[in-house]
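This structure is in structure tokens; I'll ask about it shortly.
Going by the order they are written in, the chains are A, B, C, D, E and F; count residues from 1 in each one.
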Amino acid sequence: MRALIIGRFQPFHKGHLYMVSEITNGFDELIVGIGGAQYSHTFENPFTAGERIFMIARALQHFVDTRGVKLYITPIEDVNRNSIWVSHIESMVPPFDMIYTNNPLSKRLFEEKGYQVRSMPLYNRELYSGTRIRELMVNEGEWKQLVPKEVVEVIEEVCGVKRLKEIVMDDK
Amino acid sequence: MRALIIGRFQPFHKGHLYMVSEITNGFDELIVGIGGAQYSHTFENPFTAGERIFMIARALQHFVDTRGVKLYITPIEDVNRNSIWVSHIESMVPPFDMIYTNNPLSKRLFEEKGYQVRSMPLYNRELYSGTRIRELMVNEGEWKQLVPKEVVEVIEEVCGVKRLKEIVMDDK
Amino acid sequence: MRALIIGRFQPFHKGHLYMVSEITNGFDELIVGIGGAQYSHTFENPFTAGERIFMIARALQHFVDTRGVKLYITPIEDVNRNSIWVSHIESMVPPFDMIYTNNPLSKRLFEEKGYQVRSMPLYNRELYSGTRIRELMVNEGEWKQLVPKEVVEVIEEVCGVKRLKEIVMDDK
Amino acid sequence: MRALIIGRFQPFHKGHLYMVSEITNGFDELIVGIGGAQYSHTFENPFTAGERIFMIARALQHFVDTRGVKLYITPIEDVNRNSIWVSHIESMVPPFDMIYTNNPLSKRLFEEKGYQVRSMPLYNRELYSGTRIRELMVNEGEWKQLVPKEVVEVIEEVCGVKRLKEIVMDDK
Amino acid sequence: MRALIIGRFQPFHKGHLYMVSEITNGFDELIVGIGGAQYSHTFENPFTAGERIFMIARALQHFVDTRGVKLYITPIEDVNRNSIWVSHIESMVPPFDMIYTNNPLSKRLFEEKGYQVRSMPLYNRELYSGTRIRELMVNEGEWKQLVPKEVVEVIEEVCGVKRLKEIVMDDK
Amino acid sequence: MRALIIGRFQPFHKGHLYMVSEITNGFDELIVGIGGAQYSHTFENPFTAGERIFMIARALQHFVDTRGVKLYITPIEDVNRNSIWVSHIESMVPPFDMIYTNNPLSKRLFEEKGYQVRSMPLYNRELYSGTRIRELMVNEGEWKQLVPKEVVEVIEEVCGVKRLKEIVMDDK
């Protein structure tokens, strides 16, 4: 059985990790779709799809090794046209039996095409939030404890904090 | 050290497998970029990117398990604009140290951006050829021995031979 | 003589109906261009182009039958590039003698290409407003009296109110 | 019950007319999708989508009036990506119960999405062929008898024969 | 030595002129890239790329003639994808040795590709500002003294003030 | 009076130079539109738009200096949609009074929009031909005498002959 989750993962954090851990209790294969794959170098989307693949692959290596879970990580470009969204995803990932999402629009679009949709496992979304982590990065706060240590490594390898700080500087 | 190879893999065959095997003698991480990711359901490109991810992940599972190779498989849409091709790929894959290609245009484009490019390891390209395998599929020839057995399984799961035969039928 | 009106028609309401009725007093052929044709499943644009064609064709059937008006309904995708907007529309609709619009940008763009532009016939825009009707749908208000009964039927056939409510739900 | 047929209709000819006549024996509503809607001014696709809407609407007026058939004519842009083709069409036309096509790829794509597909009613495809009619136009042959008289009128109104002859001239 | 500056130039004003004057003290060839080339007819981007080429070429004619500076003016369409931005620009302009920009994102993107980036020469950005000049145009303020006289001529030739006023009118 | 010519200029050769010389006998301002601006690194289109701007600007410097001709050189991306071609060009170039072209499709499209179109001045098209010059480059023939010496310089600066030879190599 193969499950699909989709997120932007800017960056991949411990909330995502917990979610993956919960889902892979029920499924032995997991597809991680990286949304907004064409975007990078903005506050909302600082990391490229390639960098996000890198983060997630490293952070989930432990799962793959210890649980024998089969993992597929694939970038998915936004198409800005809801009516073709599900077909677009279907063409970019291996066949799947279940999609997990909390996004009402995604839920609706997949249900209209006949898919079964499950809610994401709950985690502390106040604490683990991409937006909050990016703000902490810009303001030199304590962000490292909120993401897996492999993600810290990748962000440091690509000088991610410096990139983010420069991008949000005012043009004056 | 991380190497990148790019191909359309329509389908992934034993020539590709040999090539991957040779390259992973020298690199412990390999990125497989699936070109023409947006195309499917034609004679040239019968399989979706998702189906090709599925084939390759399964066919290379043995490598991952026995050699401890780290594998990244990612779809790459054609952009039909050579001047941005390298940047496009860079944004869709993890950082890489070396690119393997036999395609003169790819070689040239990566070299213009300062990359080192190596030639693909040699294999019998008359025997193992995507075009030839697809023709054998259409004509009920002996194609199964030319691809890894996991690829046969995926093609059967998605009724790939039937799809290919129907697509090439004449519209009369 | 053939007139063109363009709108998003999310949904087609009695204000639109009145407008069409007024215009077809002077023209025996009317082209209805459905703008933003590629959008759907958002609060601003809940219905697909196909669903909007369906609404309008049914709601205007009476006009076609009783007045002998010739009607052309055609979806028009947004191109997000004002300088080609008029040419884009010209290529997607039958030749026309007059365009009706209250949108200052549309008016300007058509006038720059040498078209005569007329203002839309007046109706109660506070009462009949797409935005207001969509808000009433979400909040279970009295929206049905604001649209032709055929439009109510189409919206019910496609479960439009449920769709709209689900789309606007908060992702928490 | 609503049927869908898709064609390029370059131009709409008597073979198409016969086909529509046969289909509307079984269906009281017919959607005519005009493929390749963004193309025009080439030998393969001389007429704009708007001009083709115009031809078809006029040529089928008699059917609408005498048989009480409900007709929807809508342009459909090519997307050059087979995996989203069916979703693209679904979003651009009213809901339909049946699709008629002789194109093996279209047949395959609709069947993969669970649609029932029927073959087009037979007509003399040697005699009534878009390519042949366009060649006759260029070479001043007897093309007018192969299309409905309303189509002749539209082609003359837009100076279609002159356009076609000029386009195919050699650039020397 | 060839320098590159990129701006939207909506419109080209005396602040831009001062900047060009400063830069051409150090470089004998200057490439002026016109960003957002596909946009026009909005408050943010009222003028087409062609009109902006026209303004800049005329306003800088004096420089070309008296200083012997070589000037290249070229439109650059936005691509809405930061990872390919630098490659896109490289393909649209002659080779350059230096880029001048105050935009933090542009600075970052060019530096990631190994370019040396310099800050724009300082000028009074409160006084000379595209936004402020467009507001003055709409409100019949004193905008003409803020732009070179050749720019006034081009704006009058294309009826730019009338266009801007009409575009910002309310649709009521 | 301002004239427009459009070509791909792969590369700009002495036939083009002659043509420009003839046209600027009648017009004191000339716009050179570089078609297919997004293409490069193929046999048909080896040079980027930026490189072609560079060639043309240098090769025509003499005209600008000695005849006092005003020159505008601008890249124009292909849009693959004939119905918007003229509007696309209009938005990318300064206003023009006359277009010169020998291409029957271009001629037709501009005439449909009400433009006056003139035929290109005649030159020896057997001798001066982009295709022939590119073939001579690949086969080490005498191509240098067919292009202005400034074009030779630019091609050498960007290693254009090496690029072309590599691109056309067989992938075996």
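As a working rule, a residue touches a chain if its C-beta (ideal position, glycine included) is under 8 Å from a C-beta of that chain, and two chains touch if they have at least 3 such contacts.
If you're wondering where the values come from, they're calculated on a predicted model, not measured in any experiment.
K.L.:
When chain A meets its copy chain D, do both sides use mostly the same residue numbers (more than half shared) or mostly different ones?
P.N.:
Same-residue interface.
K.L.:
Chain C to chain E: how many Å between their CA centres?
P.N.:
Distance between chain centres, rounded to whole Å: 38 Å.
K.L.:
Go ahead and note the Å separation of the Cα centroids belonging to chain B and chain E.
P.N.:
About 44 Å separates the centre of chain B from that of chain E.
K.L.:
So how far apart, in whole Å, are chain E and chain F when each is placed at the average of its C-alpha atoms?
P.N.:
25
K.L.:
Quick check on chain F: which residues sit in contact with 2+ other chains?
P.N.:
Residues 38, 40, 48, 81, 83, 90-91 of chain F touch two or more partner chains.
K.L.:
Touching pairs of chains, which are they?
P.N.:
Per the contact definition above, the touching pairs are A-B, A-C, A-D, A-E, B-D, B-E, B-F, C-D, C-E, C-F, D-F, E-F.
K.L.:
Using the touch rule from the top, collect the residues of chain B that touch chain A in their complex.
P.N.:
Within the complex, chain B touches chain A at residues 37-38, 40, 48-51, 53-54, 57, 61, 70, 72-75, 77, 90-95, 157-158.
K.L.:
If we count contacts the way the header does, which residues on chain F are in touch with chain D in the complex?
P.N.:
Interface residues on the chain F side: 81-83, 102-105, 107-109, 125.
K.L.:
Write out the stretch or stretches of chain C touching chain A in their complex.
P.N.:
Touch list, chain C to chain A: 38-42, 48, 163, 166-172.
K.L.:
Could you please specify the touching residues of chain D with respect to chain A in the complex?
P.N.:
Touching chain A: residues 81, 83-84, 86-88, 90-91 of chain D.
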